[in-house]
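Shared chain: chain A. Partners: chain B in the first complex, chain C in the second.
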Partner chain A sequence: MTGASAAAPVTDAVVQLTGVGRKFHRPGGGTVTALDGVDLTIPRGSAFGVVGESGSGKTTLMRIIAGLEKATSGRVLVDGTDITALPEKRLTFLRKTLQVVFQDPMGSLNPRMTIGRIVAEPLVVQGHRDVSGRVAEVLEQVGLDATIVGRYPHQFSGGQRQRISIARAIAPDPAVLIADEAVSALDVTVRAQVLDLIAEIAARRSLTLIFVSHDLSVIRRVCDRVAVLQGGRLVETGAVQRVYDHPEQAYTRRLLAAVPRLAESLEMARARAAGNRGGRSTTTADAGGNDSGTDDSSTDTNTEDAR
Partner chain B sequence: MSLDPTARPVDPVTAAPGANRRGPNALLVIGAVIVVAVAVAGVVSFFWTPFDTGFTDTANAKVGMGVGGHLLGTDRLGRDIASLLMAGAKTTLYVGIVAVGIAAVIGTPLGILAAMVPRRYSEFLMRCTDLLLAFPALLLALMFAAIWGGGITTAMIAIGIATIPSFIRVVRSGALVVLESEYVQAARVAGRSRLGIAWNHVLPNVLGLVIVQSSVSYAIAILAEAGLSYLGFGAGLTTPSWGLMLQESQSTLSSYPMITVWPALAIAIAVVGFNLLGDGLRDRFDPRLAGR
Partner chain C sequence: MTTTAPQQKSVPGPLLEVSGLTVRAGSSVLIDDISLQIAQRERVGIIGASGSGKSLTCMAIAQLLPEGLTASGSVRMDGEDGNLLTTPERRLARIRGQRTGMVFQEPMTALNPTMRVGRQVAEVLRLHGMSAGRARAEVQDLLTVVGLPDPQRIAKSYPHQLSGGQRQRVVIAIAMANSPDLLICDEPTTALDVTVQATVLDLIDRRAAAADSALLFISHDLAVVARICDRVLVMYGGRIVEQGPVTEVLTKPQHEHTRRLLADADLGGEQSESSTR
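This part shows the complex of A and B:
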């Protein structure tokens, strides 16, 4: 992941927001401003982090870019097309261009659908051919065995489900992948693996990755650029290393100080694991899905890649 | 799976099949046994009853249990009570299936619709639902009987229509939860149409609620049918029915109470059975209520 220099002019923006705002009406009257005048340019091929506390508007921002919600002011361009006023029926191009990996590994897979049908959903809806071949291919790319297509989500661990979610997102071969807190609900050891998997897939497929998280250390691991949101406003944006090492805004500094680093969490988890050698079920369960897989370094062991 | 640290309280309507946390609940088993017993009695009565239901054993009228080979005795005309109860179970099942079927088939799509359409339309739909809810099954059936004449068909349709609102409400609230879920968001991002989301995601995940509601509504339908038949607006005189048996036993209530007790007991047990089954299934499908 080569970081684009902060000063480089943006030649090719895949997502461009101009003065984007979003207000919600309270049921009892009054409005809440979730986003306020956000200008943001996400260069094609970049790994772009969006960071902020809960309530900062980062999820609303993600939902607007994904066409799940409409901005109440401003303009949203995705791949050169203005999606601000397009009704959901006319977002076909966006569905082919952009996919999302959601936060909740339990809630993002329909419990009544088989893994095969879940991963095939975007392919079927978008009228692709050779659906089963593509499903097998992407399942293997995320380190799962293609034979699991007949099983149901509840038979898998959190980490495995998130891999299934990733497989579904990359199946229609999108140009933009949004990860909305995609690793926040995972156990720290699994978190590192899934994070590396997302980064690796984004790099291999030269995707634009938009990574939304409250955790700067997670963003630092996979992103080259970052935007910091606070109370619906963009407070700081720039190369990850610069923002991380020399935050300009007091808010960013507070955010940095408040978030425990992934590396530290891993240390703590390892210390805990050493304390009780009973063996954690999650890590073994997650490895169970992988040992039949054929994927490379980042996915095949539980501890090795947790640097 | 429960050891997974990422595990959260399971979403009520999306609880995975087979992911039940507890063993079979005793009340659920009792309910299931009663329901199966009623169903078996009704089905067997098509082929066999201890006595023909039209046979009047005049020598043994109004006898008690076991006399003249009559297991539960005979009624005022000498008909075998056990045989009448079995044949009545058939009518009860038939009426319940049709009435609950009407309610589920109409109420489920309307409930999903109410959850998916813009608010002003759903408000309208729900107010109509409230209006219909104000008419109990019995009242509606009496109205229908006044217009089209009584009979078992009118009764079934009236009970069915009166039961629609409960399905709309239950399905709507379940569908709202499903529509908030991330897998529906993912389906939207994949480009699924609203109809596709309703069919592939919402419907399969509210079916559990529909089954529970069907079981509870079945109990109400049994009561309504018995009530209507008792009042003379339900089963005709030739159709065996528990409600009709109650009505016919009225004249002998003080002298031969057992003739009244048997059909009353049958109604009570069947209603309790369906209610237990419904409650038990609800516990399974809706962990929010578990342990209450």
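This part shows the complex of A and C:
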């Protein structure tokens, strides 16, 4: 399954997962397997995408790497340290090595704290020497004016708030930046700007970027490698270009085919417009029969129905 | 615009005619004097950044504006007397559900969490005059038509027991129950997984075609709009800044904002592969 990642010679892995599993106990008895035997190597300095639909285990995987949750089996190495064996107290090193930008900036920024205090928080915890200087520096790096330190989160737009989250995340100079659906709550027009900002910061600071998203086009835009998850298992991993252009697994193909593409949609719209002279309902029924870009639209229905 | 109403039928006029629609919150203007028409069976999309007024336009047309907002201008529907903006709620309730159906982004908010799915579908049919016995049989049919497996089990389920895609199918079953003349969809697949989105779009497409319904369809995803709609309106700052057939607006955008939307939507490099970026 993980042939692609095993084949690629990885000289320096910043995150390495071996046989990682996570089971949850159902309140009423029984267990749910959120992750099952995941082997994954994230090379230092890469922009690594983790893509999957709901229930794929991508969020659980992200939380395990970030030390927010424990694997129930397997080993997780972050910067060479096995975090599965570490007691809670020793995980503080993770806070310096690894920072997370979450989906909803409003939920992750304390509304009662000024921007200055929010961004300073991880620095204060670490006993940084020039906190205010560093805060000003990172705010400027994310394209915000350093004079906003006295203001509050609600005074900013969604895109600006996500910039503030990014400033806070990069303040302690982490080796790994995890973006968990970091642009999913943003408007389309802002999304591209914030994505570019994340990619640019990761490149400039030689960060390892782990980008978790359900959105295939977002991953394609910022990542060089990608892992595809489905039902808690790793389906496929490899270079973004290779996986997107030549997916090896049926699920990856199905996932990629389901993304609506403007060129294809416009093709269908042209066909409809041409067919409209003959009556609209027949043309649309025809279009409905052989569209969706795949030859397995019936399996699509089945998969979804099974949930 | 010659691609709309088919010529072989004598169409009495547009299904929906909105003119000078303005929506205010106190003194601030949110929708600024917009006019639009939807022909019978025509499919019209609305695109625009958030805050551009797409959803408010739909809500104003459906007479479902949130408390505190006021609409002026006129909304007329073929076969209904007078301006819907000044029509009493009792008559509107009949129009909604019988002549218009609605599908919103989050199916959970459209469904009653404490009522079994079957009863919710039956309720719409009963409200519009069907007998209890016929409604019960019709519910099974409707749930089958929207592609739900084991409709008997689904009818007995509560919304939280269904997946997001299944819930949206139930909402579509309710919206289409009375074969409405106009189906209003506001980001109907945005909360769904991409593989589920494909099947739900397909369903909307087929159901609207089968019932001869016109569509007013909002999406931030331009490819989705092109997949479903004939004509598209581009909104910006509460105004319609551009409109035309999707095949023209999305390939030869005239307004700066439309060009911007196209550029920003192009994350995966679909366009950049063929042009420079």
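In this text, the second predicted complex is superposed on the first by the 251 of 307 C-alpha atoms of A that agree within 3 Å, B and C clash if a C-alpha of one lies under 4 Å from a C-alpha of the other, contacts with A are read in each partner's own complex, and residues count from 1 in each chain.
Please note the rule applied: a residue touches a chain if its C-beta (ideal position, glycine included) is under 8 Å from a C-beta of that chain, and two chains touch if they have at least 3 such contacts.
What you see is a predicted model; the values in this text were computed from it and never measured.
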Which superposed partner A:214 touches (first chain B, second chain C, both, neither): second
Partner chain in contact with A:187 - chain B first, chain C second, else both or neither: both
Touching partner for A:255 - first (chain B), second (chain C), both, neither: second
Which superposed partner A:133 touches (first chain B, second chain C, both, neither): neither
Which of chain B and chain C A:19 touches, first, second, both or neither: neither
Chain B versus chain C as contact partner of A:122, first or second or both or neither: first
Those residues of chain A which chain B touches in one complex and chain C touches in the other: 187, 280-281, 285
Chain C partner contacts - residues on chain A that touch it in the complex: 53-54, 187-189, 191-192, 195, 214, 216-218, 220-221, 254-255, 258-266, 268-270, 272-273, 276-277, 279-281, 284-285, 287-288, 291-294, 297, 300-301, 303-305, 307
Chain A - residues contacting chain B, complex: 66-68, 88-89, 91-92, 95-96, 98-100, 102-113, 118, 121-122, 125-126, 152-155, 157-158, 165, 168, 172, 185-187, 280-282, 285
Residues of chain C that touch chain A when the two form their complex: 3, 6-8, 41, 49-51, 147-149, 163-166, 193-199, 201-202, 205-206, 208-210, 212, 220-227, 229-230, 245-247, 250-251, 260-261, 263-271
Residue numbers on chain B that touch chain A, as the complex places them: 1, 3-8, 10-11, 14-19, 181-183, 185-193, 196, 200-201, 204-205
